[in-house]
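Below, chain A partners chain B and then partners chain C, in two separate complexes.
Let's turn to the complex of A and B:
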């Protein structure tokens, strides 16, 4: 049992790989479902969420933190799904949104530009040049998004456990590699890993509940004990504490919840 | 049987995986040990050949002209070894010049950053922060080196069939995966892919000889036909073509030599302004 994230560019056959891996291992295969969950739970149109995790932030976004808020919603929806285990997620930024979860097998699927162009031309009925422009723009947006929000390049291989190039290797070969790796001890869900995953999901839920208006709070959770770190002023702390108390009652699984002000936010905080 | 080319962000890690893969597959292992004979044959210090493989040209280090010359020696020797087949090759930058050869399985292995940091810290000393900066600088240098020497970014995963990160994956599991891949149909030598490798080997031999006199030559081979591209000023074109034909024509395996001399506009301008 494991959690698998598959990162992919458009037309790189990553979706096909994800579906086949899920089918062979008997796992749930999710992508858009996460956005639908987030859209439903936080009453945000799906299209806004898609833009939040696809387009790089505009100058305005950097001031109103709109993207950070939407990402917290998506992360909360994703971790709730993933906490159930046996999941293959092939939506955007899975490897980043699940950073800190130890038993996630992070895979990237890449394909040759020539094959991607061919696929885009066939599907959209456009010329080679148009297809190339669209693919390059799409890749660029995804790179810019990750660099702007998380300061890392999604094309950096060190973010993944395996990168498979679909060219000489086929979709079926990639499925074999991933299924083999997923059964290894380090990716198997143990009781302790499951506990960590549930704590992580809980912290993400608390963050999502607070992020509007407290976008800069940090949240950690251990054995259901939630700590909220803030740099807010005294006046805002009262407001935050009131909100936190309400959240403690609303979100299931919280043992204890504390607000810490004026202390450094730990690196593993969400 | 396929040839396996291993690239890594750490020489030590790449060597470990390469040696284990060779053992698991029963292939020969080719690494920087071949540089000794290369140095002897070309009358260059072995350290300089290693420097050409590791460092980008700099004011105090190797010039780009010398670096390219040394890399041509290494390329010729490595391609000769790869022609033998059943080979695991590491540490000779083969992933950057064995292109278009379908039976070459290229794998990049990334070390566990923590292990790499502690290894560096024990070797060079310094705090974790200092080591991190050092690693970042090394990565940037390698990237620059590969782009300058072969016009390819060696950190780009699309230059490989697979990238395996050893942070979570055990080295023995990585070796098993690589060894299993050698049985795949796509990595079996075909008439065409073997010909591609032979052409590359011949081109590298010709280039090595020509580079002694003409450092800017580009050589391609198709069977026994050699196409050489170079630059010269107008009045030297004829002379250069003849010299290249004479030099290349004497190399074993070369049948016909075609030379394309482009106008060297910078030298031409310098000559006419005198």
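Let's turn to the complex of A and C:
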């Protein structure tokens, strides 16, 4: 029992790997479902969410924090799904959105560029140059997105537990490795890991509920005790507290909720 | 019969004014007493010396001394130990507590001065009220009345009965024996207690638990409720097997439960443990928390909640520890720091439970909050440690630390001095005030309590109330007013049935004892009624006995020493005494006459 995230570039056979892993382990395989959940719950068109999680932030985004808001929504939807355990997620930014969850097996699937071009040419019916341009642009966007929002490079292999290059190694080899790793003790969902995951999901839900307009609050949760950290000014704190009181009633599983103002936001806050 | 003089009329007017002011409460009762003390000499009804003679009277000095002795006995925990078995029998039911303490006090009061028994038990009753959450006003009046009634159980129970045989001597009447009055006294005590148990609800004022001076403010009360109650838990023997160590701070973070006491194996009791302290297997520990949080913790961590406090029972009792509210003072060194930096747990061994700021209560992760001026911190700890924290002056305590440093090691001394005082009274027949003051002095000298503590323990309201009413009694007797009234009343009724005569005598004694002292009333009335009874063909001994007993029937005004003593702490008003006293007084006369009729066949 574990949670597996598979990060991939387009046409890197990542999806195929994910589906096969899920099939072999009897896990649920999710990707776009998360976006649909988020779109459903927060009444945001899916396309906007995709843009938020795919495209690098524009200048405008720096002012209205739209991207952060959407990401909070997606994260909330994702953690809700993942909290049920036995999940393979091969959608965007899984390894980043689930930072802090201890028993996540983070996998990166990369493929040989020539093979990717080939695949894209076949699927889209475009020329080799066009395919290359598209792939490069896509990779570039992903890189910029993670760098801008989380300050890390997705190509940095230290972000992952396993990086598999599908070239000499086949898809089924990758599936073998991943399935073997997933059964390791480190990735087994223990009671305390499950609790952490639930707390994490709860914090993400609270954050999603607050993020518009309080995009800069930090939320932590331990054993259902939610703490909201804010640097907001006095006037805003009242508003935040009112909102928090409402959330306390709306979201299930909250034991206690407090707003702490003027306190440095802890590193593990969401 | 003597003619009515101007002075008599003036005295009656003064009595009228005093009673009116007692009831109207335009000014406090003790101030009324002072008013009498000043007005009477101005009207030349008493000499200036007589006006203030009350302060030097045997009774007042005895009361001061006995209050000090009572405080000393309480400080060493002797009274507490005495009350404990009584309470164990009584349980926590209010009626049973009242019955148990009332009977104890009545029993003691049957052999010693009523006021002595009442004063000795006052601190203990206050503590019982706090621990059992019974309003003090519900306890003090029944117990005080029982102390007065208990005086009628034996012939040495109160001054009028002690005097009685001496007063009968000139008439060559047979003296009463020590236990001759016991059946009547017991009937009076039981009927008095029964009245309070049956009608207490209607005749007692609606009191609140613990007076506002001592208890937490109402706003604080609300916060305290949020913090919950103390619970004692036990960890199973396999608690630490196959798991990460669980520390005090983990419990606080996860369940918002504050560990304030923990057993360090094998059996060292650690109060206010540091956050890093590990919770081990098979130990007891004490927490403060809301019931739901504590239950959740016990369930998830596999601990058992005990039905009641066992190991830490004495550590959360009001006399050893408590929770106080402390406010961060302006210019305090704490401003801008967090509780984690200040580290109260390590430095003072006290546990901060919550922070109250801008109407919000913070319970989670309070160690990280940056303190600002005006933040109120709720701190739990033992009184001496809280006192140390208070002395540091960085926090202003809004809850006064009503810590009394108990000195159980001085219990022997306290008991010894009480015994000496009692021996002086009973064996050597030395005057009450001298004997009791010797006991009080002895306690101060042997450091049972300091002289300052002795001074503060004396309730000056009581002293002035009693001392101020003594000149009124003197004036009533000196001017012949009392004699005139007695003559007038007895003359008016003429020759009647013996039982009616005894009832009238009983009522007359009751009225006299309310205004003039019980001893004064007895001395004045006994010769009168004996003559009347002989003339009316009634047993003169019974007439004298009625006076001796009915002069204890002093419940309607706070003029009796015991009532005066309990009025302040019980927060009673004169009206409260009138209401409850009227019922008890009527019952008193009915029961007394009934018992005399039954036992002596008048």
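By our rule, the second predicted complex is superposed on the first by the 270 of 270 C-alpha atoms of A that agree within 3 Å, B and C clash if a C-alpha of one lies under 4 Å from a C-alpha of the other, contacts with A are read in each partner's own complex, and residues count from 1 in each chain.
We take it that a residue touches a chain if its C-beta (ideal position, glycine included) is under 8 Å from a C-beta of that chain, and two chains touch if they have at least 3 such contacts.
Keep in mind that what you see is a predicted model, and the values were worked out from it rather than measured.
Bringing the complexes onto one copy of chain A puts chain B beside chain C with no clash.
Within the superposed three-chain model, A:225 lies in touch with chain C and out of touch with chain B [touch as defined at top]. In the superposition on chain A, A:112 contacts chain B only, with no contact to chain C.
When the two structures are aligned on the shared chain, A:186 is found in touch with chain B, with no touch to chain C. Contacts of A:255 after superposition on the shared chain: chain C is touched, whereas chain B is not. Between chain B and chain C, more residues of chain A are touched by B. Contact with neither chain B nor chain C is seen for A:125 once the two complexes are overlaid on the shared chain. Touch criterion met: A:162 reaches chain B, while chain C stays clear of it. For the three-chain overlay built from the shared chain A, the minimum Cα spacing from chain B to chain C equals 19 Å.
The intersection of chain A residues touching chain B with those touching chain C, taken from the two complexes, is empty.
Of all the residues in chain A, the ones that touch chain B in their complex are 105, 108, 110, 112, 155-158, 160-165, 167-170, 173, 177, 180-181, 184, 186-187. Remark: chain B residues 9, 102, 105, 108, 110, 113, 155-158, 160-165, 167-170, 173, 177, 181, 184, 186-187 touch chain A in the complex. Taken in their complex, chain A has these residues touching chain C: 192, 222-223, 225, 227, 241, 255-256, 258-260, 262-264. Against chain A, in their complex, chain C makes its touches with residues 244, 253-256, 293, 296, 360, 362-365, 368-370.
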